[in-house]
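Could you have a look at this structure, given as structure tokens, before my questions?
Per-chain residue numbering starts at 1, and chain names A, B and C are given in the order in which the chains are listed.
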């Protein structure tokens, strides 16, 4: 029968590390350190990501053109901000040779699809050299975050960080930290994310898990290219313990199980779910019955 | 470079009519259109010579010095069929007879595109008023094997498509085979099939795919906004959306 | 005895077209060239539509000279609605139309190479060479215009995004590379044209005519009259078959395009004939590239490029947008009402202007040269059946 094996929940990876940036311990700083390292090692000359714009109160895509600009970058997880809408401009106008992307699985799906089919982009889309996938438990709207905080009777629902810790989702502002269980969080999830089967951004060179454990975040390395990031890096790096991986795995499993329920619910009513073309649900049964037989490695272009 | 006679796969085009040459013969035809799709083909600048090793452009009014249409493996047709226009009737009949398969290239041939807005009544032949995509012609049912969306389909896409066609990469081609049955496209597709079905995650790929900026990203709602005024109905947005079809190597899903 | 010969289609040209020749002892007495692509109705399509849609629709008139139609329509609407556009936008538009010019002339080289080479392998090598420059020129078009075939950055009120200095520097590097390549390519092209003339013993003045020349600079001082094929032809199916109108300048034909530009701008004395036309077209590629470089080097392009004023007008003023397209004068005329809807639209394209020049060039030449003469004018059927 169907089993949520590690290969499915996390995808195939070659190495797992935990990383910690110097300075304040936060998962967004750890991601920034990773991006800086990529710039320093000349793996990329520009990268797109999602940044929180506190002033205007929304999340928007940003394009970082050099290492210096990483400082101003405020990565925000679990909201995409339409990263790929920048692509056309970047690839056509700026014509970078080594482009990086730090995004969730659906952003990478968009790029992977573009690279595979070429729809909507020209040759320049082949210039992507480093894909940093961000493990995502599902996107939530800013209003959703506000509601979550209101549920906790927070009077002034401000926040500037979101990450995973101890199987919980943490929202943090300058002074306070609020934690939410998967169940609480799942309710406010974007509908599209409730049918997602790719929480760990399998189609990437490296997956960054926005988790925090003693200041360390988990990264799963999938390609040889990404391994370079861990040769004498500017951040402290350790081999990931079994428990580090298992922590995220169990959270991901938790969400995947809920997602499968949602998909079946949709199937019952004949509402399409994503990622299955043509005979969508036929394909889902195939998945249901044959998951262990499949080689579930994803191709990175 | 590519072997069009790949073993173990069913050939969609026959080679009976050619002696020793196994170059795939392509033909480019245009009905009521701007020639942009053919130029997009020429815009695969450096990749074009590679492709020309395995395929031969056997007929194109722009590129070959030939008046008769030879036997073809694949006929690429761009533009819409103008109802009642004698030359189109003649041409379509001839292509059906001479080509093994037809590929409708570009938004016009596939979904009508901007030609759907045509109302005629213009000098000097006001009767040319009805333009329909060739996918709507019952006469060509079964003959049109694939549809290529886009206005214009970008050269990289055409390059990938040609490779897939030569390698008979069914995974790649399948969605374009399905698209033959949809004879209309617009930005509403993305609203209807993705946003409205609760499948949109706000990644912004459709905005990148839109050639007219009819789709834009709303930072406030994290969703695409659609301006129907600017849409030319090329079908790029839904085809580009990662939630629409996903047969690129992800064996997990099937 | 006068015979009638029909040639259809004309290979190595854009679109589907036809030649009808009246021939006496293998010499053309009279020739008509006309389009056979159905009328595509862009003029009526835009009526009662919002003006903001016009540049997008107009770009789809033609897949070769796309941007010039967008620019012409944007200019016409701005003229009708009294919208002033920033200077930077004007420069960027000029840059786009110059790169479209180079891009088109190079495309014509690819088409005409089918005539120049008997050996397909040699043609292949030639095309490969042309493609290299086309690639660099197209990346300029892509960067500034936002697309190669249907650029989306051309909007009413200017251009939707400026060119920052680092981007500009990259473009200058590109153009320098293109210039180098273009010099070689032009030499090769002219060499092959000379060889062709020698080999086939073609007369030096093949396709000569005595018509005046016209460019966008003089166009506002002349009378323009559109005539229908129904007025010219008496016989069926001709008058119901031709799908293009013909434009008369001062009740007479005129040639527009590269030769006219050369005469106007450099006081060039034309020798006449189509060989000259080929040569001038090749030389203009380099000239366009030089002009692009000049704009890039001297102008500041990172300033405001768009006036976001909504296009409305009084429905009285006829806005005219004139652009010097690769093939000659391209005019769009428009009226806009208070709600921003288009109430009148007219398009005059260069190929419609050149139809008479083509017909005149055919007169007195041998039948076998007819197709070659047509090709030399690089007719764009998609435009002429707009």
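We adopt the following convention: a contact is a pair of C-beta atoms (placed from the backbone, for glycine too) under 8 Å apart; a residue touches a chain by one contact, two chains touch by 3 or more.
In this text the structure is predicted, and so the values were computed from the model without any measurement.
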item: Farthest chain (mean CA position) relative to subunit B; value: A
item: Comparison of A-C and A-B by number of C-beta pairs in contact, larger one; value: A-B
item: Chain at the geometric heart of the assembly (C-alpha centres); value: B
item: Mean-CA-position distance for subunit C and subunit B (Å); value: 26
item: Centre-of-Cα separation between subunit C and subunit A, whole angstrom; value: 49
item: Length of the line joining the C-alpha centres of subunit A and subunit B, rounded to whole Å; value: 33
item: Shared interface positions of subunit A, touching two or more other chains; value: 88, 122
item: Sites on subunit C at which at least two other chains make contact; value: 147-148
item: Residue numbers of subunit B (touch at least two other chains); value: 155, 211
item: Residues of subunit A defined as touching subunit C within the complex; value: 88-89, 92-95, 122
item: Residues on subunit A engaged by subunit B in the complex (per definition of touch); value: 8, 56, 58-61, 79-88, 103-104, 106-107, 109-114, 116-123, 125-126, 139, 141, 190-198, 202-203, 271-278, 283, 286-287, 291, 294-299
item: Residues of subunit C that touch subunit A when the two form their complex; value: 139, 142-143, 146-148, 161, 166-167, 170
item: Interface residues, subunit C side, partner subunit B - complex; value: 8-16, 36-45, 49-50, 52-53, 56-57, 60-64, 66, 107, 110-111, 114-115, 124, 127-128, 131-132, 134-135, 138, 147-150, 152, 160, 226, 228-230, 240, 242-245, 382
item: Residues of subunit B touching subunit A in the complex; value: 149-150, 153-161, 172, 174-175, 178, 193-194, 197-211, 216-217, 219-220, 222, 224, 236-237, 239-254
